[in-house]
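One structure is given here, and the rest of the page talks about it.
When the chains are written out, they are named A, B, C, D and E in that same order, and each has its own residue count from 1.
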Amino acid sequence: GNTASPAQTSPSDAVTGGITVLAAASLTDAFQAIATDFERAHPGTEVTFSFGSSATLATQINQGAPADVFAAANEPTMRTVTDAGAAQHPQIFVTNTLEIAVPRSNPGNITGLADFADPAKKIAVCAPQVPCGAAAQRVFAHAGVTARPDTLESDVKALLQKVQLDEVDAALVYHTDVVAAGDAVEGITFAAARTAVNRYPIATLTGAPNPGGAAAFVDHVLSPLGQARLDKAGFARP
Amino acid sequence: MPTPIPWLLALPALAGLSFLVLPLLGLLIRAPWSNAWQVITDDEALLALRLSLITATVAMVLAVLLGVPLAWLLARSDLPAMGWLRAVITVPLVLPPVVGGVALFTVLGRSGLLGWPLYQLTGFAFPFTPYAVVLAQTFVALPFLILSVEGALRAADRRYEDAAATLGARPLTIFSRVTLPLIGPGVAAGAVLAWARALGEFGATITFAGNFPGTTRTMPLQVYLALETDPSAALMLSVLLLAVSVLVLVLLRDRWVNRW
Amino acid sequence: MVTRDRAEGGSGLVAQLELQRGDLRLAVDLRVGPGEVVALLGPNGAGKSTVLRTLAGLLPLQRGCAVLGGLTMEDVDAGIRLEPHHRQVGVVFQDYLLFPHLSVLDNVAFGPRARGHPRAYAQQLAHTMLERVGAAGLASAQPRRISGGQAQRVALARALATEPQLLLLDEPLAALDARTRLTVRGELRRHLADFDGAAIVVTHDPVDAAVLADRLVVIEAGEVVQTGTPSEVARRPRTDYVARLVGLNLLAGTGSAHRVDLPGGGAVHTADSADGDVYVAFRPAAVSIFTTRPDGSPRNLWLGRISGIESHGEGVRVEIDAAPQRGSSILAEVTPAAVAELGLLPGAAVWASVKASDVEVYPR
Amino acid sequence: MPTPIPWLLALPALAGLSFLVLPLLGLLIRAPWSNAWQVITDDEALLALRLSLITATVAMVLAVLLGVPLAWLLARSDLPAMGWLRAVITVPLVLPPVVGGVALFTVLGRSGLLGWPLYQLTGFAFPFTPYAVVLAQTFVALPFLILSVEGALRAADRRYEDAAATLGARPLTIFSRVTLPLIGPGVAAGAVLAWARALGEFGATITFAGNFPGTTRTMPLQVYLALETDPSAALMLSVLLLAVSVLVLVLLRDRWVNRW
Amino acid sequence: MVTRDRAEGGSGLVAQLELQRGDLRLAVDLRVGPGEVVALLGPNGAGKSTVLRTLAGLLPLQRGCAVLGGLTMEDVDAGIRLEPHHRQVGVVFQDYLLFPHLSVLDNVAFGPRARGHPRAYAQQLAHTMLERVGAAGLASAQPRRISGGQAQRVALARALATEPQLLLLDEPLAALDARTRLTVRGELRRHLADFDGAAIVVTHDPVDAAVLADRLVVIEAGEVVQTGTPSEVARRPRTDYVARLVGLNLLAGTGSAHRVDLPGGGAVHTADSADGDVYVAFRPAAVSIFTTRPDGSPRNLWLGRISGIESHGEGVRVEIDAAPQRGSSILAEVTPAAVAELGLLPGAAVWASVKASDVEVYPR
């Protein structure tokens, strides 16, 4: 997909009421800021979030969750929702790239992706079943590195936590996670990251109780103001 | 009589104690006390705490109301199927909570076994409401209550029930005026377990009830979100949850210990 | 037999109890008229407590029936079985079984409450009952804080408070001290006298049985071996257990005129004449002991050997082995002075004599 | 005696039963039986099942060894601090398991209170090993065991212990030959709870032990991962986990019921 | 006093027990020589079981000490306190307390095992002990399957199996039936006779006490009110409780020569002379009853009113109120024939007479 949506910012009087947004947990900070902007731009609206793992949210949508918008952390999950006919016209609104995260003082002396093949170092990556793991496999393949991870985590936050606690020497996480973690971790970029860009789709839901509000929110996320908030959290534009 | 404590018992007891207490101390040390006040007076956190306390308490009550009779049935009936039934009841303990949430959908979801007719008739569906939180918590907490109470029932001296019967008490009266008071400590222990388990419930709740502030976002979900955005705040929130529950437990315990 | 009574709407208790429980095979016919008090005696394990449990409905019958005041409580053939709480039966249990979570007063008020009386009335009644057993001062105590004997009295009050038609007491006086026992026994007797219903008292104490009961039923190994008024049983025991219980020497033999031949070879002379299978019984106090063979009027004179001596109340009981026949023994009761004068010691050979007029003889 | 079951008890008992059993039935119905064989004979799944059974059993044994003496201490000692201690012990129930994992890191992690000296001396660290799985499971399961056993100890008749003392038994002998056999059913119930809780443990395990096939990936982790890619396979895996645990519980129960 | 004995290394039990427990304030001095058997009597709640618990070490003293065979088991002042399992004390508990998870044999073998004997030896010993109490047949039974009386016998065997220096028995015969009681009482007596140690038997039964014990100690409300040999106590009771226990009428008064003045106004004439504060006692059987005022030799003649009649053994006990003074009552024992002939009924006014030679008088 692309951002082909016409910027037909509807007059604010057309948008009212509550808008329920199901969003991947990694979007928490950025989306909460976006919601504040949105409510200011459209008085009379109130945005409610339910953050969770994309897969859980998809299950809920397929079970008839009374929500208006779904923002997923990857395209396959969005596809399970669109395949079920619960959402239409997903649009990619941000992308994210992998980055090496190491504890603040870098005790493992990690310099690049090659260190992931060192069995002496404690290495954490995502499991191949989850999006960040699939992406990691792609970059390893591209860089020709045979990774020797000690653990295959089910989400990025679990990786980051271990880095912060100095329990692993390096982990492959997203750039946004390194930004969110602040001083606690250091990020090391690497070239192969380009080969596995993760793309976040957003869509209005078929059963949305407030379709007008839903469309307006999606538009707002795609608008420059929305994109600026996402920028600040470390996301890249699609 | 102050029994002297044999070392062979005291040593593993202390080992067990430190195994439980040291991690909590570690948590207290790691927690960011500098911005403690800010984290725990945050509106969202307080909202989540309130919701957690309310739902866990309701879930506990529900668990007691449903679980005590069921435990009684298990302990007192001699049907051969009871062995299997008992195992089936233990099973939600084993079920990963997220799967428990999915299982709840299959029955109580909008298109579930019972949820569908309900939705068709009234337009009401459980998921994503505080009721769903309570149901999810009850589902995971019920087995703890049942097993505690059943144990207490089996240990209780049934001859008191005989005595009550000869005094003219019908089974329900015996149950409420003799059996229940006699196994009071067992029910209390089971209720504490159930309350604590409900208070800490995460997986089934986020799956079946969603994660909406004020309606379904309980403390564990709040902690989960904080882990995404501000991990040290998450520790602080956990400490708050712990402090509140310790307080409640100590107050309850004192009440019970005085009564018993 | 039982059927006829039921047809007549007979009151009191009529029961035919049969069941197997562990090693015990119980088969007991019981009838207790309204107002009658029956004492159930028997050795440990005879099934006395089991009889009470079946009557209370706590243990189902395997055969037979139990009818109380014309109402069939249980009838295996007819498939009838009233639950314990539908029976007008009050029980004082052997181990008290006071509810530990209720005060003494509430324990006693439990029955009236359970039978639907308002709280105030039940407590009033409970107070009265506690006074009756002399335990009014304990009303607010917790059962675990009172002594064993006090608990027994409260249990008694609790059972009486339901005003049952059949009162079952499993050793109600066993834990009472002598003074309280006298008082409570008297009270209990008075209460039983006022009482329209039937009562069964299990006891080991022949004095309790004699004081409390109109009739004794003795069971051994699940079967009735003797019934009768206390004095009948006391005069004419039919088993060794009963004989010991009432303190008589008992022998079985074959009578012809004034002589009863014992199977082991000896004989007993009696004043009354009897023929066929008979029992002979005589009091230990009727046995005289001599260290040399006496000449005199007593017709019964046996040589034996002292196997035991123990004081018994104000007298001394001497057990004499091998008299009047091999393999049996009899008891003699003599004064301590006699023991000292004759220098009686275990192992000594002695002559025992009994006057024929002191020997009771009756058919087996 | 077959007690007649009063309706006021039977109704909530049946409600409770269906509340627990219907979701399981729903799960069975939803599960993709067509590719059941494939899902449950998958090497990874069997590996995870094996690891789960082993670690949960070891965790249960550990919980019994540490927890029974601790419960004894709690039940028999009259220290005034016991009320607080008891509350503290209940707390790991309330702790969101992920936070529990973090708490374990603070003590037993590579840079933890005890873990750091251990790592410096031997180069060994608990995280990412099967030992970490066992520790995480023990941490969450221990409180269940302690509370069950403590309840049983309080309900037990202490006069038997007095009788044993007058027969010359020293405290440890009394404990092992009188107290423990008397509270056997309570310990068994607690062990079942602990085993089941350990078998279903997810959050603390994935945090403290990580998730590597064959060494630390237990069944719940396998289920969770499957949920991400193939939710129906996840249901099938859950059914497998349930079936195995029901089987084990029934077998154990029968043993105990025969003994007691 | 106690101190001296300890200094002499005196054996047997020397104890000075003081403690407060609930409402009970216990202060009892006890000495039981080696081989001596003391029966502890007292009404319910007097503290008998409490005395046994302190001696067994199950309840700490608050003051005083307990020395057994020269070994100080407990001394509050010296800060000494032996744990129960270090004391050579065997206990038969009031409620049996057989371990429900062990067979009868293993229950009895528990003590020897706990004291370090090998399993085979312990079981052998247990078998012997079970035989001694006549319960060998129960060896493999589960305690919950045996009857109350059987359990009591096993508990006895269990306590005897540890070969204690001090044996404490809390109503050891209470649940036994009459026949077994005689046997076990005899066995127990024989065992106690063989036994070097001290023994204390709590009992409510004066016959048990007389048969088993060399000396009686009567406690009421936590204090010793009388001690002495069974016959001393039986002849000269010092409290109302003891008098009832031994079946005597007891009155307190002030003696001057052959006349004892009672505080309520009456007087009792005695054959022996006595001065100062005295007790007078006489047997119920020594009391004659008349419906009209008799003329005759008996010096004591009182008018009263019948308040109760009950049969007692072979006689009948009549309780006469207001004799010999207001507010008191005495018991008379007469034959059933006399009751029938005189038409005695509760409420009737009667004359009671006692010969002066039948009245025992002794200082208070």
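We adopt the following convention: a contact is a pair of C-beta atoms (placed from the backbone, for glycine too) under 8 Å apart; a residue touches a chain by one contact, two chains touch by 3 or more.
This is a predicted model, so every value here is computed, not measured.
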| item | value |
| --- | --- |
| Top-ranked pair of chains - ranking by C-beta pairs in contact | B-D |
| Per Cα centroids, the chain farthest from subunit E | A |
| Label of the chain whose CA centroid is most distant from the centroid of subunit C | A |
| Geometric centre distance via CA averages, subunit B-subunit A, whole Å | 34 |
| Between subunit C and subunit E, centroid-to-centroid distance (C-alpha), Å | 24 |
| Separation of subunit B from subunit D, taking each centre as the mean of its C-alpha atoms, in whole Å | 15 |
| Geometric centre distance via CA averages, subunit E-subunit D, whole Å | 55 |
| Junction residues of subunit A, two or more chains touched | 56, 59, 161 |
| Numbers and ranges of subunit D residues touching at least 2 other chains | 4, 102, 105-106, 170-171, 224, 227, 231 |
| Residues of subunit C engaged with two or more neighbouring chains | 58, 83, 95 |
| Subunit A residues within the subunit B interface of the complex | 20, 22, 25-26, 28-29, 48-52, 56, 59-60, 63-66, 157, 160-161, 164, 180-181, 184 |
| Subunit A residues within the subunit D interface of the complex | 53, 55-56, 59, 122, 124, 127, 129-130, 149-154, 158, 161-162, 165-167 |
| Contacting residues of subunit B [partner subunit C, same complex] | 159-160, 162-171, 173-174, 177-178, 181-182, 184 |
| Contact set on subunit D toward subunit A in their complex | 102, 105-106, 109-111, 125, 127-128, 206-207, 209-213, 216-217, 221, 224-229, 231 |
| Residue ranges of subunit D touching subunit B (in the complex, touch as defined) | 2-6, 8-13, 15-17, 19-27, 29-30, 65-70, 72-73, 76-78, 83-100, 102-108, 112-114, 138-139, 142-144, 146-148, 150-152, 154-156, 170-172, 175, 185-186, 189, 192-193, 196-197, 199-200, 202-203, 219-220, 223-224, 227, 231, 234-235, 238, 241-242, 245-246, 249-250, 253-254, 257 |
